[in-house]
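Shared between the two complexes below is subunit A, which pairs with subunit B and subunit C, respectively.
This part shows the complex of A and B:
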């Protein structure tokens, strides 16, 4: 009997905590699919008119754009960032997990420190950096800058996955004739597939969600979904249904990624824990 | 391949894991590195394999110094305690991997894998992943992988430790006959003296990074060169007690708190002073007649015989008695020594004193 009450209490507490979020999500869906609103929150009928941006151009200042262009830009931006983070973190994670070198611990602590630095602090420096290397206002350049913010923690994540592979496996491979690089490429990478997925999502997601870098460093013609949504908010009359529908589209890719890769993500080692 | 370790040392900071180890391993020899955990045997093996660079000294393969050679260029095969199969490849791909890296053509690879699979009786398992294999099967696959590129030297790091007791005994015989059949120089690391004694041609006993003695099983057993080897080799271990050696006109006398006896054999060179006396349990007899009075502490029937733990003064002795002799604790018995089988060690240096006729 007591156990049952414990459980009831447990769920009650969870319900209270979840309520505000659930309310927001429900409101969000109602708005996206609601046609005419009653009292501003209750839809009178449902339909897809809020999703008209899928086939109509979107007004943007005096010009027009389409959601597909923004979606394409955002995908390019996030995938580039994800790939950069994955490549660098997988190499660095292996080195930090397996190779002894001077200053290794300092480097690891430095990564944590760097992770603690907020990206906004670096905006001005990044602006000039990109300007001098002629990558400013370009998706690859800004994606590179955005990726660099997620690399520190990504390295720790990757290292955790590599740490989980026994030394004997590495030694076996080396006796069998592998160079260090071949060990990494032929034995370790296939073994840390969940790690690769996790690190890629890490880089992808933060770029996908990014606003401040895109807003500051990608003005002008290159619109991402985040900056597009912002520009709709900044107009005089806000069509909330339209905004909700667009936001739903914005939310979809990360959601799908999570659904497909949740098993990999559940194995993300948390600092020193074991993956694989 | 002939392997020479010349004054090999490997230090980790202040720790001398291997300390000035010199060892010759002949072509085709089965050499065991035996010692308690932390004695440096695995470090030695990993240095021979090329994972550790020696702090000083040399590793020579067929006379050539290989200190700087990476593992992949040493032409060695290795089996690990954990087998370390690649979990994402099936058994076939595991065995094929070293051959692929050597760019052996496909047809030859398949041919070689077939041969090995037959030799190790794993033909039916080739399409399984390591996770679907039992420990014994994994070990066979690991062995096949190690042998695939016909290495000149086979290194085995505690390969039997993860097997159950029964399988271990059968694998012992199998490994030994396989090694002889292939005639491959093999270095085998183990902490299990029975494994080393039964399988190896010679055993190198290590303790605290230092080589204690190298020799065949009987050599180590019947003439251990120092106290460590004497105490380490043999189950149950050798009985030891402290005594004083005196040289009198008529010969050498041994004096301890419970005995005073003239030794039948000679000690060369003649020597007097504090010694440690060792005698193996099987060289003691439990008699009703003459001997050193002792008290039974525990009697453990073992089927073939009874293992007695006896107290003589403060000293404890292990001795064997016939299986039907099962005395109650506290029973008074007499302990007979086979004096010619004594082992004498200098108490200070721990070295063996030559003793015999």
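This part shows the complex of A and C:
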């Protein structure tokens, strides 16, 4: 009996804390798909007029753009960043997992520290660095800067995946006359496909979600979806339904990517003791 | 000997080279550069001259004073003092509660509280700005209007509270996940034994679970202390530091000085103090936790 009351109390507390958030999430969806709101919160009918940015240009202030331009920019930004993170972390992760060298532990701890220091604090200096190497206001340059923020933890992730592969695989390849680089390229990369997918998602997702780097380092007319939504929020007249719909579109691609790559993520190689 | 070293370097270079270069370029150089720019008068034209300690003198109120600074410092203290306990205690509470209910329900509630971290910052900022909008078009004011209550100007009357909640629940989503996976790894025997001995739910939580979670709690506290000191993006998105500097925290002030008022030198001096605070905090963390322990993490990591 007592236990039951304890459990009811748990449910009640959780429900009370969750209620405002659930209201927010549900309200968000109602707002995105609702037309002609009743009392400002409940929709009278459902429709897709809030999604009109799909076929109309988006305007804020005196400027305008299309959602497709912003989507293209965001994709270019996030994919560049994801690829950079993947290449670098897969290389460094292998070395940190397999090759002994001095300063290895220091390097690994340093990565943890760097991950703890958010890049936002260094933004002023990054601004000038990019300015001097003439990459400021260019999508690839900013993507490179953004990618570097995810490298520290990405390296740890990649190292974890390499650590999971038995030494025998490598030894037999080396005996057969592979160089280190060939071992990495021919033997390991195919084996850590799930790791590649995970690290790529890591780099891609954070760049896709990024706001402050794009907002500060890209010129105002080159809009990513994040900065586009922010500039619509910052205008005088805010159409919340429209913004909710745009936010939904913004959140969709990472979800799709995750669903597509989930198979790769789950396809972890299975090792028998012999004959790999 | 030398040849062997060279061979080793040639072996390592293709693997470690690109990562080391990028990290050096975008982490190490910016740290030094921030400290250097802090001593210049770099402004809108990007011309600069070294001006010694003038920026810091202004910051500390020696000679020319910056009237905003005391306010910013108070804001930062209030913000961290509010958001940090909310994150750690709230995360712990939600983790314990959601591990006590049925499996499916626990998963549901954890998902609800993890959403803040899963959605992009801009969307989370938009959600809060919309929910607490001061007109009937905002979510909560819409509900209030529907119930016949007057409209409350949340973002003007309680800006700091809203900023603390919005950031605190972001922290909670990570802390809750870390704590609940740590709780899941506590052997059931321990809690069972305590229950058999007649401990109440509260006593089990207080004397069995919390002591076992010492390490995750310490990590999360240190982690979020730094995160709250450094982060300004969500505040920028929800209130923009306003109304009239009511939510302008230290890091946001640095950002605004540089990119809104184009006083890059001054902004860099604000940020460089933050960089120094970070370095000191990291040293404290290393002293407290030990280098070795940092390397062997896992088990309770998500």
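Everything below uses one rule, namely that the second predicted complex is superposed on the first by the 238 of 276 C-alpha atoms of A that agree within 3 Å, B and C clash if a C-alpha of one lies under 4 Å from a C-alpha of the other, contacts with A are read in each partner's own complex, and residues count from 1 in each chain.
Following the convention adopted for this analysis, contacts are C-beta pairs under 8 Å (C-beta built on N, C-alpha and C of every residue); 3 or more make two chains touch, one makes a residue touch a chain.
Source: prediction; values computed, not measured.
Superposition note: with subunit A as the common reference, subunit B and subunit C can be accommodated side by side. Applying the stated contact rule after C-alpha superposition, one finds that A:235 touches neither subunit B nor subunit C.
Once the two complexes are overlaid on the shared chain, A:125 sits against subunit C while remaining clear of subunit B. The superposed model places subunit B and subunit C at 100 degrees from each other around the C-alpha centre of subunit A, with the value given to the nearest 10.
Applying the stated contact rule after C-alpha superposition, one finds that A:182 touches subunit B and leaves subunit C untouched.
In the superposed pair of complexes, A:64 makes contact with neither subunit B nor subunit C. Set against each other, subunit B and subunit C touch different numbers of residues in subunit A, with C touching more. When the two complexes are overlaid on their common chain A, residue A:108 makes contact with subunit C while staying clear of subunit B. In the superposed pair of complexes, A:262 makes contact with neither subunit B nor subunit C. By the document's definition of touching, of the two partners only subunit B reaches A:173; subunit C does not.
Contacts of A:17 after superposition: subunit C is touched, whereas subunit B is not reached. By the touch criterion defined above, A:191 reaches subunit B but does not reach subunit C. With chain A fitted onto itself, subunit B and subunit C come no nearer than 10 Å, counting C-alpha atoms only. The contact surfaces that subunit B and subunit C form on subunit A in the two complexes do not overlap at any residue. Listed in rising order, the residues of subunit B touching subunit A in the complex are 46, 49, 51, 70-72, 74, 76-78, 80-88, 97-98, 101-102, 142, 145-146, 149, 155.
Those residues of subunit C lying in contact with subunit A across their complex are 8, 11-12, 14-16, 18-20, 22-23, 25-27, 29-31, 33-34, 37, 46, 93-94, 97-98, 100-101, 105, 109, 112-113, 115, 119-123, 125-127, 129-131, 133, 136-137, 139-143, 145-146, 169, 201, 223, 226-227, 230-233, 236-237, 251, 254-255, 258-259, 264, 267-268, 271, 274-275, 278, 282, 291, 294-295.
Contact residues on subunit A toward subunit C in their complex (touch as defined above): 6-7, 10-11, 13-14, 17-18, 20-25, 27-28, 31, 39-41, 84, 87-89, 91-92, 94-95, 99, 101, 105, 107-109, 112-114, 116-129, 131, 144-145, 147-149, 151-152, 155, 180-181, 184, 208-209, 211-212, 216, 226-227, 229-230, 233, 238, 240, 243-244, 247, 250-251. Subunit A makes touch with subunit B in their complex at residues 166, 168-169, 171-179, 182, 187, 190-191.
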